[in-house]
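Report on one structure; see the data block that follows.
As written, the chain order gives the labels A, B, C, D, E and F, with residue 1 at the start of each chain.
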Amino acid sequence: MNWLDDGALFNQISAFLSEDLGRGDITTQATVTRNSRARGRFLAKEPLVVAGLEAAEAVFGALDSQQQLEAFVSDGDEVEAGKVIARANGFADVLLSGERVALNLLQRLSGIATLTRQFVRAIEGTGAQIVDTRKTTPGLRMLVKYAVQAGGGRNHRFGLDDGVLIKDNHIALAGGVGAAVERAKREVGHLHKIEVEVSTDKDLREAVSSGADILLLDNLTPEETARFVGLARELSTNVLLESSGGIRLENVRAYAEAGVDLISVGALTHSARAMDISFKIQAGS
Amino acid sequence: MNWLDDGALFNQISAFLSEDLGRGDITTQATVTRNSRARGRFLAKEPLVVAGLEAAEAVFGALDSQQQLEAFVSDGDEVEAGKVIARANGFADVLLSGERVALNLLQRLSGIATLTRQFVRAIEGTGAQIVDTRKTTPGLRMLVKYAVQAGGGRNHRFGLDDGVLIKDNHIALAGGVGAAVERAKREVGHLHKIEVEVSTDKDLREAVSSGADILLLDNLTPEETARFVGLARELSTNVLLESSGGIRLENVRAYAEAGVDLISVGALTHSARAMDISFKIQAGS
Amino acid sequence: MNWLDDGALFNQISAFLSEDLGRGDITTQATVTRNSRARGRFLAKEPLVVAGLEAAEAVFGALDSQQQLEAFVSDGDEVEAGKVIARANGFADVLLSGERVALNLLQRLSGIATLTRQFVRAIEGTGAQIVDTRKTTPGLRMLVKYAVQAGGGRNHRFGLDDGVLIKDNHIALAGGVGAAVERAKREVGHLHKIEVEVSTDKDLREAVSSGADILLLDNLTPEETARFVGLARELSTNVLLESSGGIRLENVRAYAEAGVDLISVGALTHSARAMDISFKIQAGS
Amino acid sequence: MNWLDDGALFNQISAFLSEDLGRGDITTQATVTRNSRARGRFLAKEPLVVAGLEAAEAVFGALDSQQQLEAFVSDGDEVEAGKVIARANGFADVLLSGERVALNLLQRLSGIATLTRQFVRAIEGTGAQIVDTRKTTPGLRMLVKYAVQAGGGRNHRFGLDDGVLIKDNHIALAGGVGAAVERAKREVGHLHKIEVEVSTDKDLREAVSSGADILLLDNLTPEETARFVGLARELSTNVLLESSGGIRLENVRAYAEAGVDLISVGALTHSARAMDISFKIQAGS
Amino acid sequence: MNWLDDGALFNQISAFLSEDLGRGDITTQATVTRNSRARGRFLAKEPLVVAGLEAAEAVFGALDSQQQLEAFVSDGDEVEAGKVIARANGFADVLLSGERVALNLLQRLSGIATLTRQFVRAIEGTGAQIVDTRKTTPGLRMLVKYAVQAGGGRNHRFGLDDGVLIKDNHIALAGGVGAAVERAKREVGHLHKIEVEVSTDKDLREAVSSGADILLLDNLTPEETARFVGLARELSTNVLLESSGGIRLENVRAYAEAGVDLISVGALTHSARAMDISFKIQAGS
Amino acid sequence: MNWLDDGALFNQISAFLSEDLGRGDITTQATVTRNSRARGRFLAKEPLVVAGLEAAEAVFGALDSQQQLEAFVSDGDEVEAGKVIARANGFADVLLSGERVALNLLQRLSGIATLTRQFVRAIEGTGAQIVDTRKTTPGLRMLVKYAVQAGGGRNHRFGLDDGVLIKDNHIALAGGVGAAVERAKREVGHLHKIEVEVSTDKDLREAVSSGADILLLDNLTPEETARFVGLARELSTNVLLESSGGIRLENVRAYAEAGVDLISVGALTHSARAMDISFKIQAGS
């Protein structure tokens, strides 16, 4: 896991466990003999791209610092239905009490990685790249963006401090594309590029002439997109182009073929369903 | 919002904002004049059941303690596409910086409420109730369970400390249904009922005779479910029955008609997609 | 220790140490040579039931992760005056700086366990059980409830979310016993039983007929209690009965013999005195 | 309340409420109509010295920032059985959900103030002062020391960083009273006085000649105490003397009359019982 | 204050106060009558550029939410010795207890703003800009960077996540300037520019041809700097140039005149001395 | 490190790292191969007194719990320019990501130790001692006071709760030196000495006669100081004297020779410049 350092991951996982455990797992405490041992296996019940193994291991590790996960695949791997993804031998109560949180993470992150992989496949061979958005579940951004990477996508901004993206709302309030870009270039640090949404030819010309580095083409058809790409390429050899809005598996290739560099897809993170993964426990070590 | 007191909600929302804002919204700071005012409107782009208005208001309130939301509907209301759900007049930078987090919450919670409402509708007129599970996004449990309520569903356990539910894994480790139920009755506080999974007639008889209060019928067909229900009703007049596993909109009514009291549906919270809601901002107050 | 996981205990103990140490133990720093070693022994100065060994060990462990406690008894054991309960060999400054917090915990928790044991003994042979209340020192609930267990008592609710107990104040506001019980059955999750206070025959009949699971008999004499028990048993074979209010070591057996199932005693946790335990340190390892 | 600033008190009270409320007060939510109003009264059920009114008010204030307490007495006042100490008009659910934590604080702190007052009374007219110790319930030190003040006692050290008190354990490890005092004078800041335990005439002479400011006489009889006091006064006109260990209401005056300046009493904070105070709620505003 | 939202500032100031106040301001509590009022004035004892008024106000506001500061100048203003910068009327204990923390902030931040202003003045009329570095006091970065802005400087990276700056150490480990730049362009998000240190002509050519956006010229003489600038301008019209290392007030203009765009000065934040500002309090309101 | 226990230091260092790393060190992640190893060396670029080695080690340790620092000197040692102070072998990304925070601490703390040593040297042979003040950078007090110790100075109060120092502002509000001292003696715990500022002969007499333990002579010339010292010594053999205000390396010896016991120097902590120390990394282990 790239950005999330171990300490931050541990703190986040501990909060997730605390949410689920409250004052303790009363069922397990009441029914399972303390210190008895068990084996658990994570099993893919459908084809999927794995993501979240480290997070799942951290769940058990937060309950018992000795508990590890033996993984048979790596994050980013595609597996078939029936594949045992990982297994854990340990204390029965640790496996039982951590099961739900571990599955909640593994199922969701694998869901995002799997959907991302489908989008990436759909545009293979074009020069475009699939990127995510900030449409992530509150509280899970780092993990979710990591799952997009595991699926083969790339990450757009991690937060509002992580890049300048001037959208329609900003433009309206700033008094036009050119004014907004110029203000941004003057105000933000010299290490930041400027991306701006353009919706008319005039906007596009203003954006390029005021020095925008990236143009966002939002909610256009592939045909309109292609026209804007052509116009932009005439005006600048450096400017990057990004499509967003209304992009689905069915039409993503058309956008890629329209010549944009980046295609951002909110659905990767706001509407991926959880993958069907089970965790089966049996007694013994 | 029922359980989440104001302070806890505020802290959670602040953490969500901090995740998105990091060191600050550099685009808005660079392009929008400080203290300029604006109006924003949340618009339903498809039919949906609303949930999360209080959470959305709390987002803006955390950025500016004066900022309120004028809601035109209540959580739990069904609205058509095109409906303006709520509006906010305030500082432009507050609206812009809070927009994404507010939408991320409102879209997800409304998605859960909407899907829940569909399940509730599907079993209308039967005596059964739709309940949720612990298959919630880590970190969002209270908000997600609130959305299920807004959709008309009821809540199962809030966490592992909130009730005794003895599942297959516990039974295997405890040495059978009867042994597990008896241990639980001895160990847990007198205010807790005991729910136990049963998968055979023998299990069911053991469960009832050892005093289980609720029986969980997991991953059965509606026909098998009906047979178990009949057998249980013969043995006890008080015992409650719950179906779970593999329940979809298409088959949920068959389970309800099989006579169970409760139907728990993981999909409500693990696979609802986000609803399409936009937030449009314009200058002025 | 059953519910308090290691991480939560560690955090709590660290807060206790921080309260006592502030910016550091200036006396020990000034008078004891760094890295010198010492031995300390916890000695019972009066007969008592031990509770809190793990908490005491955690105090020293929070100061020096290597520091352990060698215990000669277990929590729940009765010891005579003069008994060495446990000893610790380690750095002199760790033993000196942790001494007071470790004793504060061990003395209080043993006090609660000892008093609880007296109540449990007093009703031996009857079918009743001693349970605690929520009358615990703020901030210490989990530890205090653990001490009750060590003493042989059982735990009532851990908090207001942990069970439904409808008391006189609720009844007055809800408009009667029957109305309150019916509302509660409709509103709370299916895994919760309903306990309700009854103070008249009419209340008792209403409670049973509306489906209450447990009846609380508060501030009655043993004779009145016996009469209510008789009446309740006539009306229901399942209902549990709990006595509370004004129960002391002198009269607790009378309540038990009146036939109730549970006797809750606030004094266990609000008025137990600290046991006399000393910690004597000598140089050397 | 003197040292505990408002923010710190609020944080502490919030933690206490969170401990008791967990995910919410399910009984009140289920039985009491939201936004209904009620009146509650704190009633002394036995004679006592009041302490903790501000803390009790902060409990309700943390649940509803508008909620106040109308107090009819002040902390430190003695009241008779039957006295209404304070009342609160507000939302019924706020009063019900905060009742237990408010009582837990008020009963305990009043218990400490009441016991302290008895000790203070017992030595009236002598020149000695009653002081507390660090034998406080972990997590409550500031509140507990405040209650001692309300009772008329004075505070000894707030923590190990708050003064130099060289006890038998330190002396043993430092190699004698004189060595320990000299080290302390060299090491600690110039604003700290040095207190040291002395148990023999030789210790006492060493302590005075090495410049100790206060002498601790631990676990002596009143007669031995008087002899030490005499000896000390011969050697120094400035040195203060403190008695501690085994001091009870029955013998405290004898120590005071032995001529010490300070008498520290652990029982004030480790073994005071909670006072009997009730909180009665009725509907209406 | 631009990036630091009010909540974050409040939390930080509270931590600073807690560091200084510990268990409370015992001198003020002992010597000043509670609720007495006083007036305090911040007075510049030497010429300086003001920075930190909002932080100073937040100090008093954290002690008493009603306490405000009446400022007679704004952050960024230059004032002469003898100027009253701001005054506060309020509770005497609030002013006394907050004085030191408020001064510690105001003196340091004004020191940084003042030094920054001197550097900015020194290069007036050249096209270059003064920027800060990450050589800030741990824990104070946002406040310190704000003071640089108040002084007229611009901010370089706020942290290691806020931009790509490839230095000698990275280059050595990555295997050369070209390899490092190419890797960075491939790995980091499309909104980030790439800055790279160059120390030879070959480096510079590699950097430009691999697409670096900004070149860092570290520890060069003004003459060497001028030569590199010339070479870079030949190769690219867009590339920015930054000087750093060994830059002092005496030589900064020579670097600016060498033609670089940015001059980063570590001394702004690591070696500015505190300005002499006093806070004089008198009784009355 | 004396007062700062390991846990507190770890938490503080983690906060400092989090401030600098934000969501991660994107340059290192992009340019340096994961798990590659490197060696780094801290090199003194000017003569200095070392302070902060433990803090620097803790920085790397917080990133990789295995990472240690091999120190060639100890805190408090004087080193020449060119001296390698310490080295670290470890993961390249750990060294790169921790470098800046480690240097920021080591450079600042060594700066304070170095300046303190100069003051200590300047008064060698007199009986006076150099002490620090509370004029420390907010958030760094414990580390900064530690650096003063490393430089050979002694520590004045750690916070407002750590001693009574009655200054001009308190005196004005309390109604005179005598009144203030008497109140303080009555109010504060018996372990605290009383220090009071005196600016006239009358003040000095009042202070001594009311029992002040230490007299603060603020902003006097050495000559005035000598006169006050003489007067004080006549009146009391025990009273300590402290000079403060306007004390520089050039005049500090004159104050020491005036006969005071303590000389407090704000510049030690508010205006020491950072020492020039570099951290050079090369590949390999």
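Keep this in mind: a residue touches a chain if its C-beta (ideal position, glycine included) is under 8 Å from a C-beta of that chain, and two chains touch if they have at least 3 such contacts.
Just so it is clear, the structure is predicted and the values come from calculations on it, not from any experiment.
Colleague: Would you mind naming the chains that touch chain A and likewise touch chain E?
Modeller: Where chain A and chain E share a partner, that partner set is B, C, D, F.
Colleague: Pick same or different for copies chain B and chain D, depending on whether their interface residues overlap by over half.
Modeller: Answer different: the two copies use largely distinct residue numbers here.
Colleague: Sort the other chains by how far their Cα centres are from that of chain D and give me the top one.
Modeller: Of all chains, A has its centre farthest from that of chain D.
Colleague: Can you compute the centre-to-centre distance for chain A and chain C, using the mean CA position of each chain? Integer Å is fine.
Modeller: The separation of the two C-alpha centroids amounts to 46 Å.
Colleague: Please compute the C-alpha centroid of chain D, do the same for chain F, then give the distance between them in whole Å.
Modeller: 34
Colleague: For chain A and chain B, what's the span in angstrom between their mean Cα positions?
Modeller: The separation of the two C-alpha centroids amounts to 23 Å.
Colleague: Can you list the residues of chain A that touch 2 or more other chains?
Modeller: 3, 21-24, 29, 158-159, 161-165, 192 - these are the residues of chain A that touch more than one other chain.
Colleague: Connecting every touching chain pair, does the picture come out as line, ring, star, complete or other?
Modeller: Topology of touching chains reads as complete, every chain touching all others.
Colleague: Residues of chain D touching chain C in their complex?
Modeller: Listed in rising order, the residues of chain D that touch chain C are 12, 15-16, 19-33, 36, 38, 92, 96-97, 99-101, 103-105, 107-108, 134-141, 158-167, 169-174, 180, 183-184, 186-188, 192, 270-271, 273-274, 280-283.
Colleague: Sort out for me which residues of chain C touch chain A in the complex.
Modeller: Those in contact with chain A are residues 2-5, 7, 142, 158-159, 162.
Colleague: Per the contact definition, I'd like the list of chain B residues that touch chain E in the complex.
Modeller: Going through chain B, the ones touching chain E are 14, 21, 23-24, 29, 62-63.
Colleague: Which part of chain B faces chain F closely enough to touch in the complex?
Modeller: 22-23
Colleague: So in the complex, which bits of chain D are touching chain F?
Modeller: 3, 131, 154-158, 161-165, 189-193, 195, 213-214, 240, 242, 261-262
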